[in-house]
Amino acid sequence: MKYIEFDANRKFDLTPLGRITIDLNPVDYYKTLAESTTYRKYLGGSPANIAVGLSRLGKKCGFFARVSDDRFGDYVTDYFKKEGIDTSRIRRCENGEKLGLTFTEILSEKESSILMYRNKIADLQLNVNDIDEEYIKQSKALLISGTALAESPSREAALKALFLAKKTDTPVIFDIDYRAYNWQSEDELGVYYGIAAGQADVILGSREEYDLTQSLIRPGLSDGETAALWHSRCAKIVVIKHGKEGSTAYTCDGQSYTVKPFPIKKLKGFGGGDGYASAFLYGLLEGWEIIDCLEFGSASASLLVASHSCADSMPDVKTVRDYIADCKQKYGEMIARA
Amino acid sequence: MKYIEFDANRKFDLTPLGRITIDLNPVDYYKTLAESTTYRKYLGGSPANIAVGLSRLGKKCGFFARVSDDRFGDYVTDYFKKEGIDTSRIRRCENGEKLGLTFTEILSEKESSILMYRNKIADLQLNVNDIDEEYIKQSKALLISGTALAESPSREAALKALFLAKKTDTPVIFDIDYRAYNWQSEDELGVYYGIAAGQADVILGSREEYDLTQSLIRPGLSDGETAALWHSRCAKIVVIKHGKEGSTAYTCDGQSYTVKPFPIKKLKGFGGGDGYASAFLYGLLEGWEIIDCLEFGSASASLLVASHSCADSMPDVKTVRDYIADCKQKYGEMIARA
Amino acid sequence: MKYIEFDANRKFDLTPLGRITIDLNPVDYYKTLAESTTYRKYLGGSPANIAVGLSRLGKKCGFFARVSDDRFGDYVTDYFKKEGIDTSRIRRCENGEKLGLTFTEILSEKESSILMYRNKIADLQLNVNDIDEEYIKQSKALLISGTALAESPSREAALKALFLAKKTDTPVIFDIDYRAYNWQSEDELGVYYGIAAGQADVILGSREEYDLTQSLIRPGLSDGETAALWHSRCAKIVVIKHGKEGSTAYTCDGQSYTVKPFPIKKLKGFGGGDGYASAFLYGLLEGWEIIDCLEFGSASASLLVASHSCADSMPDVKTVRDYIADCKQKYGEMIARA
Amino acid sequence: MKYIEFDANRKFDLTPLGRITIDLNPVDYYKTLAESTTYRKYLGGSPANIAVGLSRLGKKCGFFARVSDDRFGDYVTDYFKKEGIDTSRIRRCENGEKLGLTFTEILSEKESSILMYRNKIADLQLNVNDIDEEYIKQSKALLISGTALAESPSREAALKALFLAKKTDTPVIFDIDYRAYNWQSEDELGVYYGIAAGQADVILGSREEYDLTQSLIRPGLSDGETAALWHSRCAKIVVIKHGKEGSTAYTCDGQSYTVKPFPIKKLKGFGGGDGYASAFLYGLLEGWEIIDCLEFGSASASLLVASHSCADSMPDVKTVRDYIADCKQKYGEMIARA
């Protein structure tokens, strides 16, 4: 069954809205950040990674963002251009705001933490004037990253995009993408996540992220109840992630589909989510069965946690397919299925 | 027909959320504000006026607000107490924010303009921690003034109250109450008015206010289409005001009811709206027919524009009834009906 | 002896820099501010009052200020024009900043307190681009009000004016004029008062104000030591005020001159200081003996505390002279001399 | 002749006040910053570098600063401790302010540019409560970095330290250290540099930096006139730097001493200034002749521009002496003298 109809005549397969940042991952890792001496620069930010991921998989992405008016702004814009992502709606900041930075501390393959530079930050300067209906009408889907809701004026820009997506019958994907930085309180989170989730056709998030989203609506729901809540609003597909326990997609016809991670030697404990999202959305755009979308997403996630970077290591279709085939040969056909 | 069910067991008939301010109206009016020398101090602010209006009509009001921690904060709190309004959720500001001031220039009975003091203002300091579910559960209805959405943190406080009202089956009245001050852009207006109106059971506003509210949803709608739009969301009653042309209430069963202003010798061109709202809501809480609610509102509005103040001049039930009877005797039974 | 040389060829007798505000004094006084119902509007702000005072005494004043871009900005600018004060350097604010308001609570002839509106306020928006050397070169003296140092950008504007006054050999009068509002800490006060006092030719302040000014230099000084400290910097005349005990001017040649208040029936406990300053500076500009300047200042102060307003009641030369003559006739020639 | 008397009984040889930041220098340099992929982390910030430089030369430093409350704050504090710098007055920020970052673009040995992260930055959060008289009394000299004057509250903290240094007879060294970032206008610069320079015993700066400092006092002065201006205030030694043309120290007895750079193979065009300052101040604290201080400073500067880092490469006394001896042997005794 097809849960979402994408308009084949539209130019962009997906237009994410949100942050483009820089990751600085230590070259000498498995140490504290204070001890690490050398860092490698990568493009980062969840919606940016998803755009790169989809582009590597052969899809055409647009993007709504603000970036810094400096060399790092050049860097990420050039990077997007090389990946084939449209940059016509990526504007420069005008008041010295800088690109977000994420320094990652990789203590072991399981323990990671991040030190973020997000004060007076470029991505949250996106404003309502940056969002135009025409561009959304050219997009098969709009992806809102929850972090874009953390502060004004980006918050209003994201909400305006949401209104215009509804107005132009553009499916909305809400990636909850919770980062504590920039938010003032849990109630503020509950308000804005609640508004965005209530309008979305597809929602992606972890159990903890759904709990934050539902705190002012109905706290304490199980996964099934969570899915039912959002199906009663606009959602057709509700994906709930449980880390290494796997993830489940609940569809509006009452079905659910579960997938587990593929076995892999991890280098770091992060980066998988954006691989998952881009590969899952690829399958959805291709019109695949939900279980196949999930498996494809899970495979991409595993490939990502084994690599040093995030965007830079996004795989193409063949790499994901080969990896799945390889795993299935080694471990059996059902290796990633619950 | 009864469009809204009010829970008779709840303690407060209405709990408005929003600004309590001070009006300074010139004693020597029909001059420019620069020329006027002497000003009389009144309690002001649309939701505050409505609370006073309803109290004079015998209803019990709660209130969510922040006021200044100074003599003027004392003044408005004492005023509310004398009127019998509950002040347990009216908190003092902690960072020197002051009560809003409205100096009114009354050039003639038709021409008025206002000079507002609303920088770093007390009422917009209301925050999510000021809003509790228990209080909303004790209220038969919650009234959100649109101006409370103009800035953070009041914006999130109002949206949290909206969520909790839905959670506790408390009818929501949205008084659009547009004031240009404090808003950043029309799109910002469109976003937040759109969100609030979409959740409201009763909406009150002028034609211009609905146009602002619908700008990102469907611009250019007629009155009938406007009503249909909001009926398709949550609204049971949509009241659209056209100034001296009168106003119409559209109900979710496809009916509409129109009323015109009563004849009066105006002193000033403002203040009628809050009289209208409080008297209309009084009728609604009493379970009256819609046309009777409207007539009662219209009569109160006329009484208000003939007086120097707003809150201070709010009439009791007998005064409104006598005035209506008087007008009908003089001008005929149908004087205020379209 | 002449302590300060004023250049007779300059166009303006004095150019104050600082706030122009509005006083709202209750008509129904000897009550709390919450209880008072009606307020009379007057021009206010210490440097503005001094400019009006000097104008009434026949002197020509310039002025550096920012005022609001609204009816109240019109009011104060028109007022200045009518008094003959040059308004070419009085600019309008561009971001909605409002004129400061001072609501006065007059509880008795001795007890007064004020409620100030000074958030995002017009006068503190004065910035370095508003200050030009040419205008200062046309001024016989520059008066800096200490309140102009309370916040940026006014703080830097005042300091720039101070630098340009030194550059153009323009005597600087520093009126400490302490108002707690807008200052962050006592050390901040100590820093900026210390800088300004160290560059001033004439300093006017109360004992408490000198203590604040000297807190980071040498705390705990007596009046005589205070004078010696500032004489060792740039000051020629140091005036220390002790309220109803009188005031003393210490001159750089080691002399001191003391004056007491004239007997008067007070209406309120404030407003005398600006009368004192303007009349004292009038004498100084006229080249009078210091003791005569002080007596003239003291007489004007007494007239002011007996009246309802401040700027509006500033006396002309004849009124002050008649009042002094009258007092001397009644109470003896030495009535105001210590 | 000894121009400055240092109190031998004080615990700290020098207490700098100002920023501690992080430099991120590309490992793959001679490329644009967008192209460089990998960065090495070093402690940075001019006053921090000077403290490390003096410590390496055997002097004991105090420090007034605010640093971030995160891993990078740990890093710089630990670094200081290892170098023997007292960290008792280095406090953590409380509102999420981050350590300044400087990404350096090294295009060639002559062309460098920097990309700074200085929005809501830790070092400018230093406030008046962080500055205590007791600590200054334990310091032989206080060094104020001009950048600490760029914004409140650090600005007032630096000015308070200046006042307390005068109060406790502590010599003040003013390192103009101009960075455009964080300053609002040239007049603001002129005001605060003018105030600090007017109170300093030793001033260090480039020709351009003195021009900024004198813009509101007397623009257009030559080097000799510049020195005379500051000698007429408090300065004993005025050092004016002309890059590769060398630098001159003007002393208050009318003498001047000039030194040129030592020949070196540069790696980058920056970093020399802090080596220069620390080695020059070392000589001054040792009571050397001015020309010997300058030569020592110049040698350290040359060593620094040949290395990848700044703080990390600060030389000890033997290294500087050996380098000078080596150069003199190769190029003649007068190699660095004008």
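The first chain written gets the first letter, and so on, giving A, B, C and D; residue counts start at 1 in each chain.
Methods note: contacts are C-beta pairs under 8 Å (C-beta built on N, C-alpha and C of every residue); 3 or more make two chains touch, one makes a residue touch a chain.
Predicted model, so just to flag it, every value in this text is computed and none were measured.
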Remotest chain, subunit A as reference, centres from CA atoms: C
Distance from the mean Cα position of subunit D to that of subunit A, given in whole angstrom: 45
Subunit A and subunit C: spacing of chain centres that average the CA atoms, whole Å: 61
How many Å are there between the centre of subunit C and the centre of subunit D, using C-alpha atoms for each centre? 42
Two or more partner chains touched - positions in subunit D: none
Answer with line, ring, star, complete or other to describe the graph linking chains that touch. ring
Please output the residues of subunit B touching subunit A within their complex, sorted ascending. 128-129, 131, 152-153, 156, 159-160, 163-164, 166-167, 184-185, 187-188, 190-191, 194-195, 216-218
The subunit C residues in contact with subunit B across the complex are 24, 27, 32-34, 36-41, 70-72, 74-75, 78, 96-98, 101, 103, 105, 115, 117, 119-121
